[in-house]
Amino acid sequence: MATISVSIVNVTSYTGLELLRLLSQHPYFSVTSVTARSALGRRLGEVFPQFGVAGNISGDLNAKGISDLVITDEPQQTDLAFVCLPHAAAAESVLILLERGTKVVDLSADFRLRDVALYEEWYQHTHPVPALLATAVYGLCERYRERIQGATLVANPGCYATSVILALAPLLAANVVDREKGIISDSKSGVSGAGKEATARTHFVSVADNLSAYSVFAHRHVGEMLEQLKLDARDLIFTPHLLPIPRGILSTIYVHLKRETTAAEVASCFHDFYAGKPWVRVFATPKLPQIQFSLHTNYCDLGFCLAEDGRRLVLVSCVDNLLKGAAGQAVQNMNLMYGFKEQEGLQ
Amino acid sequence: MATISVSIVNVTSYTGLELLRLLSQHPYFSVTSVTARSALGRRLGEVFPQFGVAGNISGDLNAKGISDLVITDEPQQTDLAFVCLPHAAAAESVLILLERGTKVVDLSADFRLRDVALYEEWYQHTHPVPALLATAVYGLCERYRERIQGATLVANPGCYATSVILALAPLLAANVVDREKGIISDSKSGVSGAGKEATARTHFVSVADNLSAYSVFAHRHVGEMLEQLKLDARDLIFTPHLLPIPRGILSTIYVHLKRETTAAEVASCFHDFYAGKPWVRVFATPKLPQIQFSLHTNYCDLGFCLAEDGRRLVLVSCVDNLLKGAAGQAVQNMNLMYGFKEQEGLQ
Amino acid sequence: MATISVSIVNVTSYTGLELLRLLSQHPYFSVTSVTARSALGRRLGEVFPQFGVAGNISGDLNAKGISDLVITDEPQQTDLAFVCLPHAAAAESVLILLERGTKVVDLSADFRLRDVALYEEWYQHTHPVPALLATAVYGLCERYRERIQGATLVANPGCYATSVILALAPLLAANVVDREKGIISDSKSGVSGAGKEATARTHFVSVADNLSAYSVFAHRHVGEMLEQLKLDARDLIFTPHLLPIPRGILSTIYVHLKRETTAAEVASCFHDFYAGKPWVRVFATPKLPQIQFSLHTNYCDLGFCLAEDGRRLVLVSCVDNLLKGAAGQAVQNMNLMYGFKEQEGLQ
Amino acid sequence: MATISVSIVNVTSYTGLELLRLLSQHPYFSVTSVTARSALGRRLGEVFPQFGVAGNISGDLNAKGISDLVITDEPQQTDLAFVCLPHAAAAESVLILLERGTKVVDLSADFRLRDVALYEEWYQHTHPVPALLATAVYGLCERYRERIQGATLVANPGCYATSVILALAPLLAANVVDREKGIISDSKSGVSGAGKEATARTHFVSVADNLSAYSVFAHRHVGEMLEQLKLDARDLIFTPHLLPIPRGILSTIYVHLKRETTAAEVASCFHDFYAGKPWVRVFATPKLPQIQFSLHTNYCDLGFCLAEDGRRLVLVSCVDNLLKGAAGQAVQNMNLMYGFKEQEGLQ
């Protein structure tokens, strides 16, 4: 079977490299074009010695020619492109790709929100191509499988947003949450979530042996959460924290229930919602997910504890921010766009 | 000036060793007796090479003879004793010491609660010496300075409890918290808080690159928090997490305020409450404490962010669990018991 | 195609769990029996929530029924068994399995040495079944491919030994090393190499923010290195260190060359030796392997720097101690034993 | 007693901040001037919230007014200055300070080497003020106590150099080392040794779960080691590695002895050399230093293992790179320059 050609725009980002690693094993897709702003004209195997280094290597990546790909400024024509640029820059690249007839999975925030005003409020600048917002499908496969199957532009969800939305969606859909008392997501992320840029904040010495909260009441992923969960800003407090680990997200989420509920009812609510969804695992209470369990996998792991009063619920949601929170979910979307099983190339 | 003699019961615990390190520098107290269950009859300098190792060392610990202290089974007569045993075992040791006329700072949970029923509920066994509970003073210096000055038995607060109580006490005292909506403390601790016992849970490979929530709705320190803050069990959700760092606690605390409030009012509430309290630092919003800032110090660092609606408040509270959360606070208590400044030996 | 049945003896060890993960993806083999001393009678999915946790999961491990495997005391009849027991215990288990007609890959040290005396010197006890030593093949695929293909008992090499032997073998085979001046391997390993037992030494607080040398002149893997490399004890100094990371080994190896040599000659020596060996990567000088590059892969990465005098050579060798240093190499051996490509199930 | 005034040039560097912390507790010296290139005109307490944050704080740093110090471009007149600039920039600043009559402890590499040619070889540029080299004293207190007491310019040794020179000096002075067989120092350092600049190399994700060798045969500290130990370049191989920890150095050093020697003789050699030197601790073999033991102290910890043949010796040397490897040693030098005990302000 002929493989489908794929390009990765900004391959040297953490998500770009993770996509490269995943696609090197995928049975139906091949990376044929990679772009970046630095290292132009060099082969991937030179820049990233971990991706095939010597003539006699018959290892995985080399087998599909990945170590020999040359980094270019602009992507070549391919069937599909993954765009791993920062927001605003991404939108411009996406527009060009779509005009060429290339399908796109955009990993930036540019097409995640339907509401331009919400976008401009949270991202503090004018949207470059608002006309495209209507075409874009929010790429949360567990909710929009059908729409993704027919999409030409998929907006891959944010990492924090994925962990929070997947945990809350079943309960909000079942209309059991007492929104009056407020929903809180206290989320913690590994450093790769902050991107590859070297800053005072991502310096090893700043992060090691430390924990810090940041962007309280002000993190950009909140827009996505509100729109997807149909919440008002005052319904949700989202507090992200920077963990001294390279990757992984754990969100501890607090909700009040409208009426006294049993643990079995809560479990049913999750099992029903995620029946037939291969990349969500629901833990049997009182077992709770830990970051290690979903690390290096595409799973979103969900678990919960219910207070004795049956009214107060603590949810724990874990994803690997580079997989289910980014590159893994992007491949899951690509699989759906081409009619393959969601699991292909992700196991 | 003659120094006051001190013994450390269970010196090989993390808190015992931290006390040893602090007391080796203290101008008014000297450790003259150390006990442990293992390493009986051996000198501290042999068992812990970091505490003075060779004849020619004139370093700090050796200067006060600490490396030559011999570990015994029972403490010798001293003016004061620090008890670093697990709960239940601690109470028995405390009783004997008090009967000898030794003042005691107990670092276990045995004398932290006034209410025996509460103790038996949270610790799941009969209190060994309930009669002593009335004598004991809860050793949170910022609240009970006078009582501690006259005490013979001080119950050193729990590490998590210290971080939570110091953050909430000013607001609850000012009666501005809407308890109906619930108070949440999402707390994260380094591994030394789990003690020195080697278990599957404290194995390096279990903790590194990980984060996990545990004892949801069931952590023992909740009893202390409720009693000290005069809250009902249903007012507070406390969720502890195990961080992949050796030491440090950060609590992110969520409260709803009864009425719309300004950041300046919140700041005043904290400044007024902690005026003249040397070991609490209040950060100017929007600056927030991080674990690194209070690490290796006796400070409790407090900071906050207020939502635009003036009703929802996120507090961040950090302590070093081995210092302000244990050994440092114990020395602070000892200083007060002997009429010294709270800062002595802690800078 | 019918799959070949495999059992894992002591599946709850780190290497046992890594084997389980690898085999869950292998196209030709299926795990049908797992043993352990604890958790008897329980399903794997219960004990390790990361291995399939809920009814609706169609994820990788569950797909092959792994989460439903029940832990037993003794292995059931299978075509092949991996033995992940400590030395001495392993030998006894291996004997029983071989008598049943089961092929064995033993991950312990029991059959790595041909010379019983060497075994008894380094492991300080009598070998339980010395008669089997002659049958066993040392499972370093890059050197003994043919012998492994016909073997019924393969002794999987030690993790440190793998990193050191693969780095030195090409140079010693080429007879360019000046043994008179001594060979030094300064090796550093992540904590999983020390096994799963919870001890004071593997406690998170003992390892984090630390580095320590141990077993200087006395590590058991030295026996293997000497026998495989045909060195005398006085030719090699091996110093292992415990790194504050979960997994990965880096060995920095120092050799003097007999005569002035060019970097191109050194490179040729390695390329010739490892031509057609898929799991060894040779870095182009001056690029050196780092632990991250081979982590979560089955590669042994090799690199070198040559001094200007052309006589002093620094080699760097990296493996993931749980993969090329244990479970990955075991699967590589199994592939050869059944006539498959070395890469199957390892990419 | 009136305190002696001190300025810190480039206070925002890791060593500058560590000096600030140390001097805030020193009985005889006070920091009265701090410079940096960024944050000009701002108070230290604002820029570094950990250094005193609120009006009611009576904590250590604030007590000496440190949080109120305003960052300036150029240092004000003080008795002594610590220069924490990169090399070349440092020399220019030192020249101006000396001309003003200010004593200087320079923490850069600019005045560590007596031999201008050696400086220009290792640092690859012309020395800005070679005339000052003759005045400068190499600030290794254990070797040059008298000269430092009379010095106006002290060149504080490099962190790696301190760990290597203190380990080797006693043996080389005793003339027992077989230099023909080569001396090897395999050294490992925490990330703060690489400085505060945020680069791809110091990004948390690059360092965590990793270990890498770098600058093999080419690290700049080698010049210092050779000059101080009177070795030729071919006598010593120095290989630095970047550890995934914030601070601490461990050097594993390999030497061959000229004749068969006992462990007692080796121990004597070290004890004699370091008699009366408070900041070197010699461990009793077979106990070896670990990074944790000297962390947050000014000690250099030394230990050794001797092979059975009495000819091959493995030394382990540990320092905290920010204390004995930088700021601590700088304070030790300052103490000597003013006739105080070496321990003042360092315990």
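For reference, chains read A, B, C and D in written order, and residue numbers begin at 1 within each chain.
Just so we're on the same page, a contact is a pair of C-beta atoms (placed from the backbone, for glycine too) under 8 Å apart; a residue touches a chain by one contact, two chains touch by 3 or more.
Because the structure is predicted, anything quoted here is derived from the model rather than measured.
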item: Chains in simultaneous contact with subunit C and subunit D; value: A, B
item: Between A-B and B-C, the pair joined by more C-beta contacts; value: A-B
item: Longest centre-to-centre distance from subunit B, chain (CA-based); value: C
item: Chain centre separation (subunit A, subunit C; CA means) in Å; value: 35
item: Centre distance in Å when subunit B and subunit C are each reduced to the mean of their C-alpha atoms; value: 45
item: Inter-centroid spacing, subunit B versus subunit A (mean Cα positions, whole Å); value: 40
item: Where subunit D touches two or more other chains, by residue; value: 206, 208-209, 244-246, 292
item: Touching residues on subunit D, where the partner in the complex is subunit C; value: 181-182, 184, 186, 188, 206, 208-214, 216-217, 234, 237, 239, 241, 243-246, 248, 250, 252, 254, 256, 286, 288, 290-292, 295, 305, 307-309, 312, 314, 316
item: Contact set on subunit A toward subunit C in their complex; value: 25, 49-50, 52-60, 63, 209, 271, 274-279, 281-284, 287, 289, 292-294, 296-297, 299, 301, 343, 347
item: Contacting residues of subunit B [partner subunit C, same complex]; value: 14, 191-192, 196, 198-200, 202-209, 244-247
